[in-house]
Amino acid sequence: MAFKEIDLNMGPQHPSTHGVLRLKLAVDNEVVLRVEPVVGYLHRGMEKLWENLTYTQVVPLTDRLDYIASLSNNLGYVLAVEKLAGIEVPRRARYIRVVLAELQRLASHLAWLGFMANDIGAMSVLLYGFEARETILDVFEEYCGARLTIHGIRIGGVPHDLDGALVARIRKVLDGIPARLADIRALLDENRIWKGRTVGVGTITASAAIEYGLTGPPLRASGVRWDLRKDLPYSSYDEFDFEVPLGRNGDVYDRYLIRLEEICQSIRIVRQALDGLPEGETSVKVPRVLKVAPSEVFHTIEAPKGVLGFYIKSNGTDKPERVKMKSPSFINLQSLEHMCKGNLFSDVVGILGSLDIVLGEIDK
Amino acid sequence: MTPFVAEVLIPVGKVVAVILYPMVMVVVMIWLERRVVALMQGRLGPNRVGFQGLLQPVADAVKLFFKENIMQRQADTFLFNVSPVLVMFSSLLAFCFVPLGEPIMLGSYNLTLWIAESPVGLLIILGLSSISVFGVIFGGWASNSKYPLMGALRSVVQVLSYEIPIGLTVLTVVFVARSMDLVEIVRRQEASGVWYGFLMPVSFVVFWISGIAETNRAPFDLPEAESELVAGYHTEYSGMKFAFFYMAEYAHMVLVSSLVVILFFGGWLPPFPSVKALSFLHAAPGFVWYLVKIMFFLYLYVWIRATFPRYRFDSLIRLVWKWFVPLSLLNFLAVALGRFLL
Amino acid sequence: MSRLKRFLKMAFLLDILQGLGVTLRLYFSRKVTVQYPEQVQEPAPRFRGILRLHRDEGGEPLCIACKACQRACGTNCFDIEGKKEEGAKVMRPVKFDWKLDRCSFCGFCVEVCPTAAIRFSREFRLTGTGKVGLFFRLPDMYLAGEDLQEHLCAGCRRPQ
Amino acid sequence: MPELAADRPDFRQALEALTGRFPGAVLSSGVEKGESAVRLRKDDLEAVLRFLKDELGFNVLEDIIVLDNVRTAAEGGKRFSVLYQLYRHPGASRIRLVVDVGDNEGLASAVPVYRSADWAEREAFDMFGVRFEGHPGLRRIYLPDDFEGYPLRKDFPLEGRDGGV
């Protein structure tokens, strides 16, 4: 009987592609032979828009890139502009930015935890993860009025100050998360079905991970110690002490454990930042029409999904000449085929979930 | 008791009752599942339609009834339409052999709370439950699209391989009760004073887990895995045909729960028969006890669904061939030795 | 030793029972559902709801049609025309068109407005039934509460 | 004025190794805002990339950025300049290679050296029309395959062509 390979279409409308992604799968009775991701369904031409907006007007647009972690996009772009224009941000603003960025990392990882568990079948974990995430979104709403597309970081500093009540509320939220996390870990960590679905699935070695340009938790799961908050510290990250969790065999289970550990580390960072919150201004005076001398800069930060980079070239006017965004999900998605080859069809869902990609950031 | 009533009215009444019984249980199950899973996830679940959402299943049924019945142009019309009926038919028919309680004396007439009692009742139920597999296969294959086809293929392998441990564990019960007649099995448990679930715990556990796999539920719901196969074998179905599949799955769950209750937990027998202090429990008729036990197992179904992730296909099959089949064989051996020695 | 312990744990389904224990405990835990139409969760004081124009105590509109917001807006939602009446000290907007469907709630206009005429309200029920409802003229910028909902559903064909 | 290349030790050492190995390749180099950039001749690109990766340990190609200098290019100057952001791990140092490419000139693909260049080059082709020879499957990544024109070019209208796809 001639061997006939089914080519299967997963997406763009599919329950577990985290947005509008289409996977062209060549499948031999559940065993995956080839995976070809097709992207572009959410392409809004961000980079073209950015060339026709002033530096400050671009910030709300960066919210819509990785809409699960919009504050990190704000931070990435704003730091690049500040480096380009040579703006020095007061220390209190840098601490508040660290608090916001790490809270955003918590919210992003909790959303990822819910999505991935739901893809592999543990539907209750989706609700537990999102319930914990809601408490963090309430803090963002309290701080600057928005929950998802937050636009909570401006060029030159932060729009509002962290007053006593808000700091107390953040501490209460931070105390609540470990308890909720313990429930989820009790449900999943040692569960034989969960381990059966994740241990040894979608493995990638350290050298292959670097070859594919993988960054963020998927790379650290293969044992590569690369965290920009430690290697190229920005926004006074070097003043906090936290560990960088590493995995051993780079499979879906390690990526799961690493992100859980990163949640604990982020809680530590936010606590240290709140304890050591220096006095001072929350932002420096930036001219309303910001003109930047012709120059170029490529600045990267450690976003929840991986290394998020912004290349900005200025031409002396108030509008950037060119803004290019280096998206972690865009690069991480390229290694999906390498990880899925030989695994079963249902693993593609688990591996895609473990990569934690967001299509807004991929398609720009 | 005129012959007309005894010969015509009561049997017809009983048949209608047996058809209505799973329907009512399905409605209860739909509501129970949505509420319990919701409460376990920290939310309230349906509470708008009717008191505490009790009319939600009715609302679903009405919605599905008025939904358009879409069928793929290339679908194989005959098989596409026949498979929901097949699935529904086999589940409902099996309920005829399920004894619900002690026969009641109506004057001189002995009203038996089941339709048919045959010496091979258990075998018939198992046979019927594997007919529903045909419905799933034809449904998935006739939809002529890739996801349902994969759902159907998965369901074939899963249900067939899980029938072996079910068969073996049922064999141990039949072996001890020396008969395949369900009523007889319950009577034997009453006579021996101990329920087979406690006598042979391994059989009970293996039967229960294989029963979950048999009905494509919770950790074994690969044939209809939402996050992988969109909706598995019933992706292409809509309207009342989809409702048939939906109801059949719940009816099948009720069937497996009642099997577990009858085989391992003494059908309609009140618990702790020998303890004098709890004799007030005997006051409630057998049927109520039967219902209480079934509700516990149905609750367990939903509880497991809310807790566990989904098995992957190969670990599912490895589980049955490497663990359940040898385990049930050894268990059968142990039971045989036990009976021989005692 | 750990191999035996692991085998025993697996044999007696310990991880399964632990999982069931967690869901059972959460079965009796506090429920977080907010019954939306009946219970409304009050948004935070700084919540960025729909933009509203404001009047000073004397009922005079604060807006002086300086078009700072029009320039600051990244998605050009504003279209403002101002006119200076004789004898009036300050210019007043004659035309103030604002497209809600283009607004990304970024807040630049609120920051840049010299007289704090335009501010975020805490109204988050912004669903309309047509593009007509999402287009605001000068008088509509002062609507709030029920008549704002009225305006949003302007294009609706269903009889009220 | 970009600082002199001399004051960035790791960059100076990389630059010397580079000019030593490829005499004519380096057209200019400089450090600006703490970032080192080297302008290369087009045809030495692949050899330099391989050299940087194997000998100097720049094992990650972070991003490929294309600039359309149609307005700013001097007379006769090349229209596009393609920038390669390289990163060395461990060691956390960065280098940017700049290569100028004419309007319909091709450019050697970096995929044989860095696997992560695959989609980056497809995006560059999709947005600017820069052709990369040797790329395993150079086709559009975002826009539908039958879309004419390259949107990120400066002469492509912001609001798009009316009646466009």
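So that you can tell them apart, the chains are marked A, B, C and D in the order they are listed, and the count of residues begins at 1 in each.
The rule is short, and it goes like this: contacts are C-beta pairs under 8 Å (C-beta built on N, C-alpha and C of every residue); 3 or more make two chains touch, one makes a residue touch a chain.
These figures come from a predicted structure and were not determined experimentally.
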item: Intercentroid distance (Cα basis), subunit C paired with subunit A, Å; value: 25
item: Geometric centre distance via CA averages, subunit B-subunit A, whole Å; value: 45
item: Whole-Å separation of chain centres (CA-atom averages), subunit B against subunit C; value: 49
item: Subunit C residues counted as touching two or more neighbouring chains; value: 16, 19, 22-23, 26, 32
item: Set of subunit A residues in contact with two or more other chains; value: 124, 128, 131, 187, 191
item: Graph class of chain-chain contacts, one of line, ring, star, complete, other; value: other
item: Touch relationships between chains, expressed as pairs; value: A-B, A-C, A-D, B-C
item: Touching residues on subunit C, where the partner in the complex is subunit A; value: 9-10, 15-16, 18-19, 21-23, 26, 32, 43-44, 46-48, 72-74, 104-108, 111-112, 120
item: Residue ranges of subunit D touching subunit A (in the complex, touch as defined); value: 32-33, 35, 59-63, 65, 67-68, 72, 83, 85, 89-90, 92, 94, 96, 114-116, 118-120, 127, 140-144, 151-152, 156, 158
item: Residues of subunit C touching subunit B in the complex; value: 16, 19-20, 22-24, 26-27, 29-33, 35
item: Parts of subunit A lying in touch with subunit C, wherever the complex brings them together; value: 53-54, 56-61, 63, 124, 128, 131, 134, 138, 141-146, 149, 151, 159-160, 183, 186-187, 190-192, 288
item: Of all residues in subunit A, those that touch subunit D in their complex; value: 39-40, 43, 45, 47-49, 52, 83-84, 210-213, 224-226, 231-232, 295-298, 300, 307, 309, 311, 313, 315, 321-322, 324, 326, 330-331, 334, 363-364
